[in-house]
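Here come two complexes built around chain A, the first alongside chain B, the second alongside chain C.
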Partner chain A sequence: MANVNIEVHHVTRVEGHGNIVVNAKNGVLEECRLEIVETPRFFEAMLRGRPYTQSSHITSRICGICAVGHATASLRATENALGIEPSEQTVLLRKLNFHGEIIDSHVLHVYMLVAPDMFGVGSVIPLVKTAPDVVLRALRIKKLSGDLCATIGGRHTHPIAMAVGGFTHYPTVAELKALRQRLVDARADMDETVKLAKTLPWPQFNRETEYVALRKEDEYAFIDGTITTTDGGKYPVKDYRKVTNERMVPHSTAKYTAHKRESYMVGALARFNVNYDKLHPRAQAAAEELGLKPICTNPYLNTAAQVVEMVHSVEDSIRIIDELLVRGIHPEPLPPFPGRGGEGVGSCEVPRGILFHNYQIGENGLVKNANCIIPTGQNLANIEADMRKLVPEILDRPQDEIRLMLEMLVRAYDPCISCSVHFLEVKFV
Partner chain B sequence: MFDDGRKTKDEGRKTDETVDHSSFVIRPVLVLGLGNPLQGDDGVGCRAIEALQQYTLPETVETLDGGTPGIGLLHLLEGRRRAILVDAAEMGQPAGTIVRFRAADVTLAGAAERLSLHRTAVADALALAEALTLSLPDIVFFGVQPERVGWGQDLSPKVAAAVPQVVQAILHEISHDPKEGIHMPTKKEAPETKGLILIVDDDPDMVEALRMPLEAHRYSVAHAASGRLALKMIPELRPDLIILDVMMETTTEGFQVSLALRSPDPRSEYAAYKDIPILMLTSIHSTTPLRFGPDQDYLPVDEFIDKPVDPDKLVAKINALLARK
Partner chain C sequence: MKPKVAFFDFTSCEGCQLTVVDSLQTHTELLDAVEIVQFREAMTEKGEDYAVAFVEGSISRPSDEPRLKRIREQAAVLVALGACAHLGGINAIRNAMPLDDVRRYVYGDKADWYETYPARPISAVVPVDAVIPGCPIDRNEFLEVVKALLLGKKPPLPDYPLCVECKLKEHTCLFHKGGYCLGPVTRAGCGAICPTYGDGCEGCRGLIPDPNRNAMSEVLLEHGLTVDAMLARWTMFGTYQQMETGKK
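Then we have the complex of A and B:
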């Protein structure tokens, strides 16, 4: 019987750090876990004592990929705490900015992280030689999404124009029209992306689990909504703890979560499973093209769901811009501090899944307490449960193949364990 | 460190509607700070840009706090003639050491072999550009050797002390552009503001009330929400004047800050800052019959101003204190 001993340290092509540990003796799985070595655990310390107006700017620095998402969740938590209601224009601009980040993150994940696995190369660099058009398409889409974020949020990576109750500057009509044209032109790249995804050899693996996502009755939810699960749970965001039920595990500094089962999944596949009926028809057509139907229980197809969401976000961005152009852009003053404190929860669906920010703000406008639950933290238990089911199914394969399958599984979740260290490592030659 | 968004800087946005497809002005020279300001010394690039934005730079130069753009770095570099990147760099040097280098001079670890969207973003982005034979600008790096990288918003003292030096080095770099021949001696660089005022107060409304008249009179304003935070910020910011509230987390916090800053002990860690004028905010004069004033031993501040603050009196006192300095 097979003996397997795998330790993958710092899974490559995963944002942040994670170690996979798998041990099997005589065909029996003895140990199987994903070790997390860093989390944004000083979140509360970052915010405590800071003016409420700074929270979104500070938290947007947690992650360079989910910067808009953290800023948005932060703003919604703050607004809910202070009783501030954003205007319809603000809501539209936020949704548009959010779509930019969804496209930006997903295109990187699909093209730069997952496609190399599927093409059997170690990274995107070799792909440049064999399929340069694919890489250039990815960069073209990324540039569009980055410019969308910069036009609305004021900066490519960390939005600076988003504020409590509104925006500090606004796109011009000409900018919106230019963006709209580029989004329309991007449909061709979306079609090619779907075609590419269709050719990728997705691993066949299924495990039933619970899927958790925000849901709204009038749209495919990314910001606000009701926490909804495929096992029948429905909760207002303020009751997020009833879903997350965080607990500590010995091998991780991150907290694990569970709702009705031992684990649940968040992210693009969860959103797809919960909100398929709210997708744009073009996105539903893309799903059909990819053979993706709810409820899909293959976690590797989280990436396929990301492709579907990219199509949706392009189409919904066009719709939002059309609405903004009809309404016209009208500068609005930011609401003053209401002179009261309070507690509020903000939630949105960042690329990797549902994110919660929870703040207590004092009557002096300073943050008293803060809590944050990131999507990857919620997926950890589910990834481990997947690994425990997957490993026995593939124990007869070569160890390198098992290792790759596990790495690909972790990468399929698109984890952002910790956007921790960014400094250059330099050797002088 | 974190702008609240109400005073956003023009970071390359166009103001007219005759824009190109990208909707952004592409200025030929980009000075880009990289890193995460929530990760200790990793944020040195962002801090350098923040300091650099206090200077008037040529129209051809854009400064950008790029944060952690990942592969997006390529798009930030696109269309530029020249790029100056400032980032924390592990170079095996003493903390705070600044090294100027070009990509060709070094091996940037991580490229190609372990592509991650974050960890080696600069190396990966440059490797990707090279593989795609994309046209990149002339890139100069200013690497600052970090001492401590990890969750936390403060720079280590050695790296904080390097910020003014790296700013001067970048100003020098900008002023000696070989292509345009711009010669802009840094000593003639006129800061946009008359000085940097650090407001130490835990009341955001009071901070805003003070900020507005000060900025209207061309002062730059930084804010610390506690005395503890102020003592951490002062070595880095080196403000020209401190406005200090008394009651914050503790009822005598402002007093403690002033005593720390004005400690007669020459070995005090704040000895270098004892000459920074301190204007103390108080409501004691308006709410009680008590009267007190500056005292070298017990209350070593330079001036008091009563709450509610009269903006004209505030500016007049600050002008006078800075003139005296």
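Then we have the complex of A and C:
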């Protein structure tokens, strides 16, 4: 039987740097790893001694794609530590900005990073000639989501106006109305995206695992909620360590996590599996169209779940704007420093899955300790477990096909490796 | 023949490359003017015959240096893309802390598995021909710089302070609202976007040449603000420069 030796260095079209190493002799899998070789970041250490008001601006620089997510988790951790309650208007504006980032990140992943594989090309650029309508649609959606983020936060990535306890700038009624119209128009693009997703040749592969996501009773949770797992786990976010159990492995600069099994999955598919009943009816219809039902155990379909979430986020953005328009936008002063310190955890469902920030703030308003647990780090053990099951199933195929299947698997998780790295450099022990 | 262009990243959040992707979306004519031969974030193909290299990210470990030097040898024009590459940026915050503490804080007793050193701008390792400042870069400025480079010109950067742009937009000064702002000493060019959105400038574009430090202290004094709080702001992106000059 086949000898397979695959090393993919710097998997392209993922954020950050990862290597895949697979070794099989005579049909027996000997080695199977996803190596993370990202450079060290040290964000937790860098927050120590900084004013609490800077944390969200510093941690948004963990990842340019999930900047709004990191900023939001950071603000929630800070607010929980200091006993600050954001107003209803603040909560609505944050959700709206968050949807912008979800749509932005998902459209980038679905159209620019995954679709080229399925069309058999190396990037989206050749598609400009062969499938211009597809590319133009992607650009239209991306422009809309970027503009949505910029209208609320001040720019596409690294929001300016989001602050502890509120906002330093507000969108105008005219801006909100214009966005609303574009979101309504985007429904047609969403329908086309679902149609496109339906035609893509999704690889068939299933493996049962535990899915972990935030859950809320009144909505499809993106910000705050209860940590909920498909194995029956339920924890308040402050107990996040009971789920994550971080550990280090020598071949990776990111930390690994495990709850009840050897690994668990977070991200769009996990959210879909945990919160299907909370999706907007149009998003549920999209799922049905795609043949996606909870609990779906094919990790390649994480991308399909992202399509479903895009539909949901467009609909929920329209709903939020309507609510804001009815309420009217009222400037609110930022809460002053309460003169006390404390500890708090903030949690959000960023595009790639559940994210935790945990801060201790001193009585002087400076950060004493910080910990950030990032989605891709939580998925790494699960990706490796998938590879260990997948490779023996496809070992009789040509090496190039195995390689592509593995790269596509890693890309399906949409790994944002640069954020999952607390550290760097591979060494073998 | 179209100039061949490549993008590289070191320690970064990739937000500047994403801003490049944004610019390319709205200015597809750029794709007709240049040929992108390497852009890991967006394409699988890898060409090594580039003439212009855009480098994002700080240099943060010894093994980054040979890679950057190889890029320098190949590229006729090397451009620093964003504050991480230009200044050291956010990654350099940790330079002010003992390196071993930083490593152990994040990685405990496994700290020795990993290689690192103080984060620095790419200009600390190789000569740099042009800079696109900001965290993230400004997409219009990116287009301006590319256009200038295509014409064989040195891209212009404003050398006046941010306050000039801010006052043109007629914003109420942050100092009059009890806030902090690095506008008086920061290089303009972003359209004073942070004050526009209600927050003080954090200095992500770096200092203007010959910043007037006395004027800065006077402003602080006048508004009853502290140098410490101002320094905390300045060191978000300027720790490397602050440690190099040993004062500010």
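We adopt the following convention: the second predicted complex is superposed on the first by the 415 of 429 C-alpha atoms of A that agree within 3 Å, B and C clash if a C-alpha of one lies under 4 Å from a C-alpha of the other, contacts with A are read in each partner's own complex, and residues count from 1 in each chain.
Operating definition for what follows: contacts are C-beta pairs under 8 Å (C-beta built on N, C-alpha and C of every residue); 3 or more make two chains touch, one makes a residue touch a chain.
Bear in mind the structure is a predicted one, so any value in this text is a computation, not a measurement.
Consider chain A as the common anchor and indicate whether chain B and chain C clash or fit when overlaid.
Superposition check on chain A flags a clash between chain B and chain C.
First (chain B), second (chain C), both or neither: which does A:Tyr52 touch?
It touches chain B, and chain C stays clear.
Where does A:Ile65 make contact in the superposed view: on chain B (first), on chain C (second), on both, or on neither?
The answer is both, since A:Ile65 touches chain B and chain C.
Decide which partner touches more residues of chain A, taking chain B and chain C as the two options.
B
Quick one: is A:Phe337 in contact with chain B, with chain C, with both, or with neither? Answer first, second, both or neither.
Only chain B is touched by A:Phe337; chain C is not.
Of the two partner chains, chain B (first) and chain C (second), which one does A:Met265 touch, if any: first, second, both, or neither?
Touch status of A:Met265: no partner.
According to the stated criteria, A:Ile160 is in contact with first (chain B), second (chain C), both, or neither; which is it?
both
Quick one: classify A:Ala381 as touching chain B (first), chain C (second), both or neither.
In the superposed model, A:Ala381 contacts neither chain B nor chain C.
Touching A:Glu44, do we find chain B (first), chain C (second), both, or neither?
Second partner only, chain C.
Is there a shared patch on chain A that both chain B and chain C touch, and which residues make it up?
10, 12-13, 15-16, 40-42, 46, 50-51, 54, 57-58, 61-65, 67, 108, 112, 116, 122-125, 128, 139, 142-143, 146, 154-158, 160-161, 163, 168-169, 419, 422-425, 427, 429
Using the touch definition from the top, list the residues of chain A that touch chain C in their complex.
Residues in contact with chain C: 10, 12-13, 15-16, 39-42, 44-46, 48, 50-51, 54, 57-58, 61-65, 67, 108, 112, 116, 122-125, 128, 139, 142-143, 146, 153-158, 160-161, 163, 167-169, 248, 250, 253, 418-419, 422-425, 427, 429.
What residues of chain C sit close enough to touch chain A in their complex?
The touching residues are 10-19, 21-22, 25-26, 28, 31, 36, 39-45, 57, 60-61, 63-64, 89-91, 93-94, 97, 101-103, 105-108, 110, 113-116, 135-136, 193-194, 196-199, 202, 229, 232-233, 236.
Can you list the residues on chain B that touch chain A in the complex?
Going by the criterion above, the answer is residues 2-6, 8, 11, 13-14, 17-19, 21-24, 34-39, 41-42, 64-72, 74-76, 78, 87-91, 99, 101, 105-123, 127-128, 131-132, 141, 143, 146, 149-153, 202-205, 207, 223, 225-226, 229.
Would you mind writing out the residues of chain A in touch with chain B in their complex?
Listed in rising order, the residues of chain A that touch chain B are 10, 12-16, 40-42, 46, 49-54, 56-58, 61-65, 67, 104, 108, 112-113, 116, 122-125, 128-129, 132, 135-136, 139, 142-143, 146-147, 150-151, 154-158, 160-163, 168-169, 171-175, 178-179, 182, 334, 337, 364-366, 419-429.
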